[in-house]
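Next up: the structures, one after another.
In what follows, chain A forms one complex with chain B and a second complex with chain C.
Here is the complex of A and B:
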């Protein structure tokens, strides 16, 4: 036994742990495994690097060598010729000179603060809806925001929008009161009746009185025609998104209803709207609506467009949500019944939370589509960013400029849509309750 | 194809209802009550109509709208401009969305008769031309056989092009584009050998090129394109107002009345025609249902035809058009106003 200790072929102490070979760790390994894992992949990598280099070598100087300070395309070209001897560089000066038009349209410059304030308030009022860590009290701001926005953007005395808000408030009160004694349907009817009576008969005279007695909060009025650029996209997009989700939910539920008339109306609406291109609806709103209205009536163009865009996207939304409803196991409905919940409670507590969670990717898809579709208003004579790019080119100073404007517009849209997409992914991760 | 069928259907629907509606309301009364004139214009053609950096519309066509507003409302700024694409312009007019169009629209038989519009005059005599790169080595449109041509869809130029090549036994390959700016970009990128549109637009377009010397406008003018303002059928009084607002600008140039001297001349001159125009003699304004100073308002606020031309599209502007056919008849052009009597 004593010999065994002196035998040299057994190591007595542990070897120090060696670092892995350099080719098997970190960056080198990643490169080996992902880029040069075989002769074919190596060739592909080299070719790709060459192509990427070519593209960047072509575009980067163009992007970063551009001129930011000039008053016309000709001046841009003169500057570039002096600096580089050729004009193969961007002329960003068009953005320096016209960025405010691309963002605000023809909104009066002295009133930009109103648009900015409305935008900040919009973000603030979206926060409690989007993130549950934000104080719940902020929801009051969310409820007040639509009225604040209308007042800030279009201007005029404050009493008009206040009266509309009061109508909603009275409707809500009526709902609560009747709900205590009667059925859901009865209270809904009562709420609508009270609100409509206020808007049509009582509200206008009260507004007139208040305007005469207390003309406070009067902002300079801005016509719908002067709205444009990114601003009009946000107004139409956000209104459409905010309105189409609830309408879509109602339509989706209506489509599954057992009540014949409700079901028929919902199916008819969805199939009709989905069967018609958005541009047709917009043309109808801008050109043909005048036939159906009594002569002399004016109906704000922006409002018409918002209504059409909302109808369009709520039909799509309804189908997306119906997909979520269909994906829910039947057991969930039966469980709700077994608990003795009535229809609305079952929807609110059990069905909808799950169905909406399933539908998140589809819902956000529809939102992003809607937001990008707002550029279609160009065809009905509203100067959104694309329309403005045409108008800017029609000016003798900038005739012939092309890429710079579209890169800017594309960038702005990409930021908005990417943000929406990231939010939806975060929400999906947060709401994931299954074990995968 | 689908698009044109759809737009055609829209237009038809528009016409059916538009004629029914236009009869029961007077446009003049509606404009006066509204206090603002709704005018359909081009969303962006250099020199003719385009919003400037402040969002104010300026241009040669825009001045016609301003003249009508000055005549009717006494204020040339009381105009609400509705930018319209070429596809929807007639529907917008027929539906009453706009009171008049001043949107470089060619006066043709079918647009006048079939689409039930009233063209009230011509404010610019244009014609279709061709532009080619100098390298192509072409000096006449007759040598264009086999060329690729950039052409805006849905316009009269498209039809004229087909006619011209058929008559001259040549073939061509069309490259359809949607707008003036797209055509320009495609042409510069070499997607087509030839760019064809109205000669005025060709000149404006060439002036904006980085290298104008590299391109030539061919001498042939292959069509007549009388561009003018129009109103819908069914309200002749309104048509008269737009017609004579334009004529007042034209006649004023002929008689030497300008924005600078109109107010002074309104005190009375030796020339009875000028006196009638400016409302010193006679009741021409009242006959139109307007104030007697209607033409004086046009001239002090907008100016006469020549002034508007020089300011927006004349030789000293980037568009740089010569008067040519659009000179007064006394100078050998076609611009001519019937007498104010």
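Here is the complex of A and C:
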């Protein structure tokens, strides 16, 4: 049809490759596409730049012009007046002066090494749980850590915590032995029975004897009311996290169960805990628990708080895990049944690994919530960091200091919580096995 | 063939079947669970009775009808210190509900804006919103409440800064709002004679909007014609009320805050404790809602938008008819639990001295009457009822927007 000869001009040679227009490459293009792609976008950009400028101009000089070396707010202000002629700058000296208090509360200063050692041991025992490249042998440290922590932080003779640990050990041995001959339920009963017999009847006298014969490893005792600062947050947070996951799993299974009474108890517990604020539970722990326990029982306040925080977050945990269980295709349950696995084997080998994987984000969010909620203990007379910030402000030397303390406390929490959420995202990516 | 189908010889019921036979095992487990539960409950109740009798106390809610003898600084219903404890409890509960409702509204607004802006194509705005979300989500709400309280009481001008010919501080919005370190004063409506008619008209026009919506929907289904719904609804909302307002001779007036002596008088006084709690809870919960909204929008695949465009729907109708109904289904359930969290977190009012349920019933009443058990039980029960009401109310809504499956 078309005849090339009839056209006046046909290009015979290829054109040289031209560089892309300036506005379509590199930084310019990025700015055009991301910041000024339309009138609305441009307004947003200008408003954003204005907001950022306002915030930075207001805070940066304040942050970086601060005083790090003073013993009171008045001295801080004197220094600032000499240096800048005004006092619109931070007084970080409160952190340097109260650093130990913010970290350890009223822990005796000569014993700080114990808290530090416990913290290092905690990191070491968390490592094999968090990362599977860490040698598996370190899990023994993880198992021993709860007892080590109690001994290091509260002090006293070593035999008390050892006896508790031995109880668990004997229970485990009993479980293994009976498991060889009987069913799961029987061995669980045997394990609990052996451990309880040890704790109640044999353990105490053995501990007494050992204390008399071999009084080694006696650390200076520290009272619970002397714990505080970041330390108490970590203790409550890590205990709550470690305990709430298994309890939450049990509650979730109970709620999903076909057994009517078990289900009713679990639903009632979960809905009750989720329906009331944590603060009422903490007040119950500090005001009412003495009513519910046999007369004359004294109960360590930190332990009460840990129990309440654990119960609180285990109810939330149960709901998160229930979501994971519900999201699992029904075929997985049926396949487990078809393989002839009993309930616990099916849960352990088929259901839970998948359900927990699905609910990782929710689980970690619950952990983060729990860790943030440890600040609430300030209301029942435990001096965590926020409680200490009030106490520091009540001191005449630091009366009127807010932002430096708030920024420090907020920063500490931010780092911990952000690290947790980043870890959960990493774990999710690592465990993703589906086809993409 | 024959051996496989043979049933085992019936040996009658053996005790071991209670553990090994799945037909009976569930009954065994339930009976044990029931027994354990009842034992624990009996143990706790028995201890409580023994402890109470040792202290010479009993369980008696009669104290609720005694004179409360303390003041509450924010009252929605009239209350004096001569009123009984139950009325103080009610005042506290209303304060809790007020902060919960205000907080939920503001948190939703903040959350939706932040969530949408975080998805914005604008790189800078998205980063700012990420910064907002991450900083609020990862820092305890208690710290935010204290920080907002510190801003309000430390950084704002004192009422006396408004005095004099050349005041250091000035009121906002044409001298109608005074923001001071003792609280914020806003204009308050004064209900004159005949204002009841304006209110009735307003409520009737709300009813009218609802009826018009129904009518318009039916008309659309019958004829396929679309009325300018938004403008007509807007007109119904404003016109009748304003007409009646002028016909009745402008019965509703505003009382403006005025500087009287060393403090402001007139207008509505919003205390710093309430403002701090409200703002902190809203911004904190807003950051969670932002994430919920973002994930809800992301959950709708891009194909839905493209399909709607291919059908020729305008962007606004695409949003209203295609994207939002699907996104809401993802957003509503977690949103409910955020509202519940906000309501429960309002009990942190303790930190700033806002007189909510926990401060009246669980605070002053508990301390002055010494009835810890009754007060705590009642307070937990009230919180539980409020939580259950909110979640059931929202579940009804959730059901109405849920995917209708066959």
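The criterion applied here is as follows: the second predicted complex is superposed on the first by the 404 of 436 C-alpha atoms of A that agree within 3 Å, B and C clash if a C-alpha of one lies under 4 Å from a C-alpha of the other, contacts with A are read in each partner's own complex, and residues count from 1 in each chain.
Throughout what follows, a residue touches a chain if its C-beta (ideal position, glycine included) is under 8 Å from a C-beta of that chain, and two chains touch if they have at least 3 such contacts.
Since the model is a prediction, treat every value here as computed from it, not as a measurement.
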>> Under the stated touch criterion, which partner chain does A:288 make contact with: chain B (first), chain C (second), both, or neither?
In response: both
> Which partner reaches more residues of chain A, chain B or chain C?
Replying inline: C
> So, does A:280 touch the first partner chain B, the second partner chain C, both, or neither?
Replying inline: both
> Should A:73 be classified as contacting the first partner (chain B), the second (chain C), both, or neither?
Replying inline: first
> In the superposed arrangement, does A:97 touch chain B (first), chain C (second), both or neither?
Replying inline: first
> Which partner does A:105 contact after superposing on A: first (chain B), second (chain C), both, neither?
Replying inline: first
>> Which partner chains sit in contact with A:399 here, chain B, chain C, both or neither? Use first/second/both/neither.
In response: first
> Touch check for A:85: first (chain B), second (chain C), both, or neither?
Replying inline: neither
> Counting only touches as set out at the top, which of chain B and chain C does A:376 meet: first, second, both, neither?
Replying inline: second
> When the two structures are overlaid on chain A, which partner does A:391 contact: first (chain B), second (chain C), both, or neither?
Replying inline: first
> Where on chain A do the contacts from chain B and from chain C line up?
Replying inline: 280, 283, 287-288, 290-291, 295, 379, 400, 402
> Touching chain A in the complex: which residues of chain B?
Replying inline: 6, 10, 13-14, 17-18, 21, 24-25, 30, 33-34, 43-47, 49-55, 80-85, 88, 91-92, 95-97, 179-181, 184-185, 188, 204-205, 207-210, 317-319
> Given the complex with chain C, which residues does chain A contribute to the contact?
Replying inline: 33-35, 37, 41, 44-45, 47-49, 51-52, 183, 185-186, 258-262, 265, 271-272, 274-280, 283-284, 287-288, 290-295, 368, 372-373, 375-376, 378-379, 386, 389, 400, 402-403, 406, 409-410, 413-414, 417-418, 421
> Can you list the chain C residues touching chain A in their complex?
Replying inline: 19-20, 26, 29-30, 33-34, 37, 44, 47-48, 50-52, 54, 117, 120-125, 128, 134-135, 137-143, 146-147, 150, 154, 340, 344-345, 347-348, 350-351, 358, 362, 372-373, 376, 379-380, 383-384, 387-388
>> Please output the residues of chain A touching chain B within their complex, sorted ascending.
In response: 73, 77, 87, 97-98, 101, 105-106, 223, 225-226, 280, 283, 286-288, 290-291, 295-296, 298, 379-381, 383, 387, 390-391, 393-397, 399-400, 402
